[in-house]
Structure formats: C-alpha cells, structure tokens
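Take a look at these structures.
Heads up, the next two complexes both have chain A, just with different partners, chain B and then chain C.
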Partner chain A sequence: MNGESFLFTVFALATCLSALAVVFSQTVVRMAFWLIIALGSTSALFFLANADFVGAAQLLIYVGGTLVLLVFGVMLTASGPYLKITTSSGEIVMGSCVGLLFLLVVFASLNGVKWRDPSPETITAASHVVSTGNTLRPLGLSLLGSRPDKDSTTDGDTLSPGYLLPFEIVSVHLLVVLIGAAYLARAKRRAEC
Partner chain B sequence: MMFAAQSIAEFFQVFGGWQYVIAAVIHAVLLVHVFAVSPFAFIWLERKVSGRIQDRLGPTRVGGMFGWLQSLADGIKLVQKEDLCPSAADSMLFRSAPYIVCVAAFSAFMVLPFSDGWVAVAADCGLFIILAILSLEVFGIIMAGYSSGSKWSLFGGMREAAQMVSYEIPLAICSLVPVIAAGSLNLGEIGGMQRGWFTNWFMFHDPFTFIAFFVYFVVATAGCKRAPFDLAEAESELVGGFHTEYSGMRWSFFFMGEYASMFAVCGIASILFLGGWNTGLAPIDNALYAARSAGADGSGSAAVGYLANVIGAGIFAAKASFGVFVQVWLRWTLPRLRIDQVITTCLKYLVPISCFLFLGATLWPIVLVSAMGRSTWTEPVGDRAALGLQETRQGNGGVAVTVEPRVDVGLVVPGSNEIESEGVVQ
Partner chain C sequence: MTADLNSYLFVGAVLFVCGVVCMATKRNGIGVLMGVELVLNGANVNFVAFSRFTDLGLDGQVFSLFVIVLAAAEAAVALAIALNFYNNFLTIDVDRANKLKG
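Moving on, here comes the complex of A and B:
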C-alpha cells in the first residue's frame, strides 16, 4: 500500500463513517458537525485525485457557505437550547428507498466505466493532469469556451464548444436569484401609511 | 525540491529516498512552528504595543529584557489549567470546536508560499484554496458559541456568523483585483511576477489595486475578528463572547488559531499586493533569483541557493509580521463598532467599493492600452512578465512545469477580461 492509497482509505473511511453519523445523530448542529467532517473528507478525496479546484469549491461552497448558513438559521430560529429532530418510521422507509435507488444509480454508472483499460484519450488527459497537477487552467479555458484538451487531438475543423453557455446561464440565474432575494428582503412599506 | 512538488501524487513519487523523508519532516516541523511559535511572538507584541499605546510598560519581568518570556509563562499556565466543560453544554461539540479553528488556521499554511518555490503544495488555484480553508475557521467559532449552553456565547457565535457571511464577499472580490493584474491564481506565480523594483508590486500596478490593498486589509482584519470588528468577543458586553465558557488549552487554541490566521491573511496580502518575498530593489532581487536558480540547476552552490530562499522567506515573514503589527496597532487605537455598524460598513460600503475596484481593474488595462499603447503605467522593469514568469516556473526547485502558452501578463486581452468580469461580479 503506497502513501496515496493509504490516504485515500483514511479519507474514504472518514467520509463514510461521518455520513453515517449524520444519519444517526439527533441534534441538528451535531449533524452539521458530522457533515463538515464528511464534506471536508470528500474534498480531501478531490485533492487526492488532483482536482484542486473542485476540492476547494467543495470546501468554500458547502462547508464555508451552506453549513454556516444552516447553523446560523438554527441559532436564529430554534426555540429550545438544542434543536432535535426525531425521525418517524415512515421517513426512515422513504429515506432508505431514496438511498437505495441512489446506490443503484451509482453502481450502474460505476459499472459503465471501463476502469481496467481506459481509452487512449483518457490516458493522455489524465497523464497531463498527473504530471503537472494543474487542472485550473484547462478548466478556466473551457469555461471561457475553448477546449485545449480536446481540440489539440482533433484535426481542427470541429472545435469543441466548451462550457461558456452553461456558465453564462448559471450567472444569469444567480443574478435573478440575487435580485429576487433583495426584493423579498426589502423594507416593506405599510399599506396604511 | 520536495516543496516544489506540484501535486500530492508527485510528492509520493519522490518519497523513495530517506533523505527526502527527513527533509520533509524537518520542513513540516518548521511549518508547525510557524503556526505554534508565531502566536507567542505576536501575543508578546500585542502586549508591548498596547502597553506603549496606553502609556504603560507592558510585561517587563519574565525573561529579563522586555519581558520576552511572558508568552511562555502564559502558555505554561494555560497547560496547567483545568479543562472545564459546563453541564449545560453539548460536550462533544464543545470539546471539538477549538480543533476546527486550529485545523483550519493551520491548513492555510499548506498552500502559502514562503519564498520562491517554498510551498508545501504549489496548487494552480492556491489563492482559491487558501480562501476556502480560511473560511472554515468561522465554523469552529459558531459551534463554540452554540454548544457552550450560555447566552453570551450564543450571541458571540451569532454575531460571528453574520459578520463572516457578509465579509467573505468583499474579501473574495478584493483579492481578485490583483489576480486580474496577474492573470493567475497560483500564489507562487503571483509572487514571482512582482520581482524587480517595488513599482512592480501589484499594489502600485494601478490605482484600483492600490485602493484594493487597503480595502483588503480592512476586510481581512474583520475576517480575523480583530478589533474594531471583534464583535464575537466584545468583552465589555458579552464577557468573552464565544469563548466565555472555555478555559486552559482549549481557550488558547482559539487564540493560536486567531494569530495564525492573522499571519495567514497578512501573508496573502503581502503576496498579492506587496511583492511577497521580493525586496523591491531590482539588483538585490536579481542576485537572489540568480543564486536560487544556480543552486537549483547545479551550476552554483546549493547551499547559497537555499540561503537565498531563507532570505526570501525572511522578507516575506517581515512583511506579513508588519501587517500583524498594524492590526495590533489598530486594535488599540479604534473603538469597537456596534454589530449593525459592522454589517453596514460591509454591505453598504465595502461590497460596493470592492465591486467598483474590480470593475475598474478590468477596464484599466484596456483604457491604458488605447491611451498609452501599453498595459502598465510604468515601463516594465527587467522584463517582468516574460522573464520573471519563466524563471518562477522552471528555475526553482528543479521541477520543470510544462504550461500551455497563456495570455501574456503585460498585455491583457480585452475580450477575455470582459467575460471574466461578467461572470464573477454576478
């Protein structure tokens, strides 16, 4: 076992165990704590897979953003000292059904990939990433609409479109959400004045 | 060489020789000491500076001259203290909260370069990673506040959450302003580009980065919950805020984390705006870079190259420590704001200012190119863009990095910047 697979085992175990702890703990903030460990270990797995950007985004968005907002919301709204959630048996059945379905999807998609003999394109792309460790520049370029990793292998007549359009759609969507939030949170003028 | 490893995979590939393991252990221990010893120095500094500002002496007795052993005496006292956990507290969360603060503050040093190529993980998006890691620290504070089972702590935690959620926005936008000038998120590359005379520092790159430095510093001070933004503690109203119920080592973990993150944000400021490990004097810089690359490729003495890196790390630490000193100075000079004033300062002033700076920084090179025919206001000294960059990537550490041809630093293409600005502003 080399160092990398050792670290992978450690973080994968941490992810799974703390995800189980999220399910089995009853206090909301304790769940949030276990969720930090789970999401942090997931981002460590991303870092191990040389996906620096995804790992950092995972930390910034889910742990630094979403979870902080979650705990902040619990602090503002809870009536008692420690907010508890008790799951009814119906919810357990529903949850395990959804979980099992998700497991099936994951299993099917994992089986769909040829892990033993990957295609030559995958090998070249992966070896480039592993040799430099830099995934950000190709990622940024493809968000700007050019795919240097694909276009260098094809003959140049058919250029790959990149992800500029989805990126712009997401930006506009975020803008709409921001305006909506500002509209909802505005100081409302009373009707009678 | 170890520390120029570009990825974790490469790190383990060179794990073969024992000498590398020993070198790695020594450097890791040094890195831990940056985290563990710098708080001692900064706490002493805080006491002396506050003493001078309030017209008193500060510590004088312990350790003889200037009371320099005072922090160690405090450390021994804190280790001996009883580890208390209030009966109303959620003990598991209460006990683990200080570790989250500590781990977050310490992990930030993983991607912070101390000198040319002296970085534990030279990630391509180092700035993004370090901001992401520093944003985790707030969670420990909130959890400490929530789980203490005390209203003072709860108020402190809530204030901290509200403050951090708002201050992270201008922090990210302000640190993007020099990134526009640099065209890279790699902290090592950003530092290497500012080689040469101090006019090459990104602070003097254009008026927008100049203002952005001060806005960044204010926001970073708030981000470390330092006075005048220390609403989470606010000892005059909340007893001790989030750490009211803590004692002994767990209490001191919060403060080690606080001082370490102060050093980290000031280190980021010195790399983004103040030239990082560069002296700002072109002849000295060039000599240091020459010594480093000669040491790395074997044409010169490796020891001299190492020494040049130590000097670089010293310059970097001096700049960052000066930032910490200014934060201490501010703390004892300005009165604490109210929580509504803190949020107003951020949302009504700092966010619009940083958005304006971001927009201005994207437009500046375009305007300058059309008016003066070049994209920087000074004559580029010492072929800053081309030469500095190449050497940063290939000269140090012996790891030659193959990079795709990219947009030249000096010549910003208007089109790419417009797209970038649209995406990030929203």
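Moving on, here comes the complex of A and C:
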C-alpha cells in the first residue's frame, strides 16, 4: 500500500464517518462540528485528487465561510438549553433503512458502469494539467475565457470557449443574493400591537 | 483501498446519501441546511474525481468551483429565511411551519 492509498483511506474514512455522524447527531451544535470535520476531509481528498485550488477554495469558502455562517445561524436560533428537538427511535430506524437502500442503489449503479479511461491524446495535453495539481493558472485563464489546455490539442482554428459567461452570471448572482440576504435579515422595527 | 475512480465515487455517494437522509429526517431547519451542504459536497467529490481520472480534465474543477460559490450563496439566503422564521415563530422546528396548510 503506497502513500496515496493510505492517505486516501484515512481521509475517505474520516469523510464518510463524519457525514454519518452528522446524520445521527441529536443536537445541532454537534452536527455543525461533524460537518466541519467532513468538509475538511473532503478538502484533503481534493488535494489528493490533484485539485489544489479547489481544495483551497473548499477550505476558504466552505469551512471558513459557509460553516461559520451556519454556526451563526445555530447560535441565533437556539431555543434554550433544555429543549431538544429529537427524532423518535422508530424514525431513526426507518431513516437508516431508507438511507442504506438508497446507498446500495447508488453503489450498484456506479459499479455497473464501465467508466471511460482517458484517451491517449487527451492524456498528453489536457489532463496533464490535472495530473500535477498546478491548476491555478489554467483555472484563472478558463474563467477569463481562454482555454490554452484545449486549444493546443485541437487542430482546427476554432478557439474553445472558456467559462467567462458563467463567471459573469455567478458574479451578478452573488451580488443579488448578498443584497437579498442582507435585506431579509435586517433588524426590523418591532410592530406596535 | 486504492485511490481509483470508484472509491472516490463511493465517497461521493456516501456524502450524498447522508445529505439526503439529513434533509429528510431532521426537524431543525439548520439541520436541513447542513444536509444540503453535504449533498453539494458529494457532487463536488464526483466532479473532482471525474476530472482526475477521465478526460474531463479542467472542466470538472471549474464546475466544482461554481458549485462551491452557488452553495455559499444559497446558504446565505436560506439562513436569512431561517432567521426570519425564528423571529416570527420563536422556534426553528420545521414541523411547526404549517401556516399554509390547506
């Protein structure tokens, strides 16, 4: 067993067990903690799969942003120390059975497909970008609209479209969402009634 | 366990199923949101795995970046809605959100 397999096993187990702990935790604060562990281990899996920038973005945005926001939400909606919203044990059993069946269906379907191996010409050019993990500049260039990793393999003179349009759409989307969320969560004047 | 495509896809499947069960069974609204985050991370693991092991190449990682950004935006709005619900009804229990029941 080489180093990559060992590290993959460690982080895959950490991810799966933390995700299961999120489901089975009874208090929402513990769920938030296990979710932090699960997303951090997912980031480690991204680093193992040569997606360095995506792994760093996962740590920055997900763990450092979205989860902190979720913990804020947990603390602002805490309903007192003695009131716990728990699920009954019958519901736990039924939920676990349904979840296990669903996992078996998904697992059987993904094992039943013979996934295509990368063809030799794309191995040399396009996926050599991914094979070293040095993805920052190709990602940045593709978000600006140019795909030098694809254009060096195609022998026509058509340029491959980058991801400039989705980038602009997502930027406007983020602006709208921020304005909307800030307006929704504003401090309201208490109604006199 | 070797780090091949099926192992990554299995991890993505476990994350997805845990997220779906979390969304379906949790009574706390913030717990439902945590299920949504798990589902999106399962999809991200799939994208990155296909980017590494097939000739999807860089496209898989660009998609996963967009998924991360959109998940953050959706978590912000969903939390604003949850805060408003808590301020109006003084509970975050989703079973108590039955004002629109016919």
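Operating definition for what follows: the second predicted complex is superposed on the first by the 134 of 193 C-alpha atoms of A that agree within 3 Å, B and C clash if a C-alpha of one lies under 4 Å from a C-alpha of the other, contacts with A are read in each partner's own complex, and residues count from 1 in each chain.
Assume a residue touches a chain if its C-beta (ideal position, glycine included) is under 8 Å from a C-beta of that chain, and two chains touch if they have at least 3 such contacts.
Since we're looking at a predicted model, the values are computed, not measured.
Q: Between chain B and chain C, whom does A:4 touch in the aligned arrangement: first, second, both, or neither?
A: both
Q: Taking the superposition as given, does A:72 touch the first partner, chain B, the second, chain C, both, or neither?
A: Both partners, chain B and chain C.
Q: Between chain B (first) and chain C (second), which does A:111 come into contact with in this model arrangement: first, second, both, or neither?
A: second
Q: Counting only touches as set out at the top, which of chain B and chain C does A:165 meet: first, second, both, neither?
A: The answer is neither, since A:165 touches no partner chain.
Q: According to the stated criteria, A:33 is in contact with first (chain B), second (chain C), both, or neither; which is it?
A: Touch partner of A:33: chain B, not chain C.
Q: In the overlaid three-chain picture, which partner chain does A:178 touch, first (chain B) or second (chain C), both, or neither?
A: A:178: touches chain B and chain C.
Q: Thinking of the overlay built on chain A, is A:93 touched by chain B (first), by chain C (second), by both, or by neither?
A: After superposing on A, A:93 lies clear of both chain B and chain C.
Q: With the two complexes superposed on chain A, say which partner A:57 touches: chain B (first), chain C (second), both, or neither.
A: both
Q: Which partner, chain B or chain C, touches the larger number of chain A residues?
A: C
Q: Which partner does A:137 contact after superposing on A: first (chain B), second (chain C), both, neither?
A: In the superposition, A:137 touches chain B alone.
Q: Touching chain B and also chain C: which chain A residues?
A: 4, 48, 50, 53, 57, 65, 67, 69, 72, 74, 76, 130, 135, 138, 143, 174, 178
Q: For a test of understanding, state which residues of chain A touch chain B in their complex under the given definition.
A: Chain A residues touching chain B: 2-4, 7, 27, 29-30, 33, 36, 40, 47-48, 50, 52-53, 55-57, 59-60, 63-65, 67-69, 71-72, 74-76, 81-82, 130-138, 143-144, 148, 164, 167-168, 171-172, 174-175, 178.
Q: In the complex formed with chain C, which residues of chain A make contact?
A: Per the stated touch rule, the residues are 4-5, 8-9, 12, 15-16, 19-20, 22-23, 28, 31-32, 35, 38-39, 42, 45-46, 48-51, 53-54, 57-58, 61-62, 65-67, 69-70, 72-74, 76-77, 79, 85, 87, 91-92, 95-96, 98-99, 102-103, 106-107, 110-111, 115-119, 122-123, 126-127, 129-130, 135, 138-139, 142-143, 147, 149-150, 163, 166, 170, 173-174, 177-178, 180-182, 184-185, 188.
Q: If you look only at chain B, which of its residues touch chain A in the complex?
A: 6-10, 12, 15, 88, 90, 92-93, 96, 100, 122-125, 128-129, 131-133, 135-136, 138-139, 142-143, 145-147, 149, 154, 157-158, 161-162, 164-165, 168, 185, 401-404, 406, 416, 419-420, 422-423, 426
Q: What part of chain C is in contact with chain A in the complex they form?
A: Touch residues, chain C against chain A: 1-3, 5-11, 13-22, 24-31, 33-35, 37-38, 41, 44-45, 48-49, 51-55, 57-58, 61-62, 64-66, 68-77, 79-84, 86-87, 90-93.
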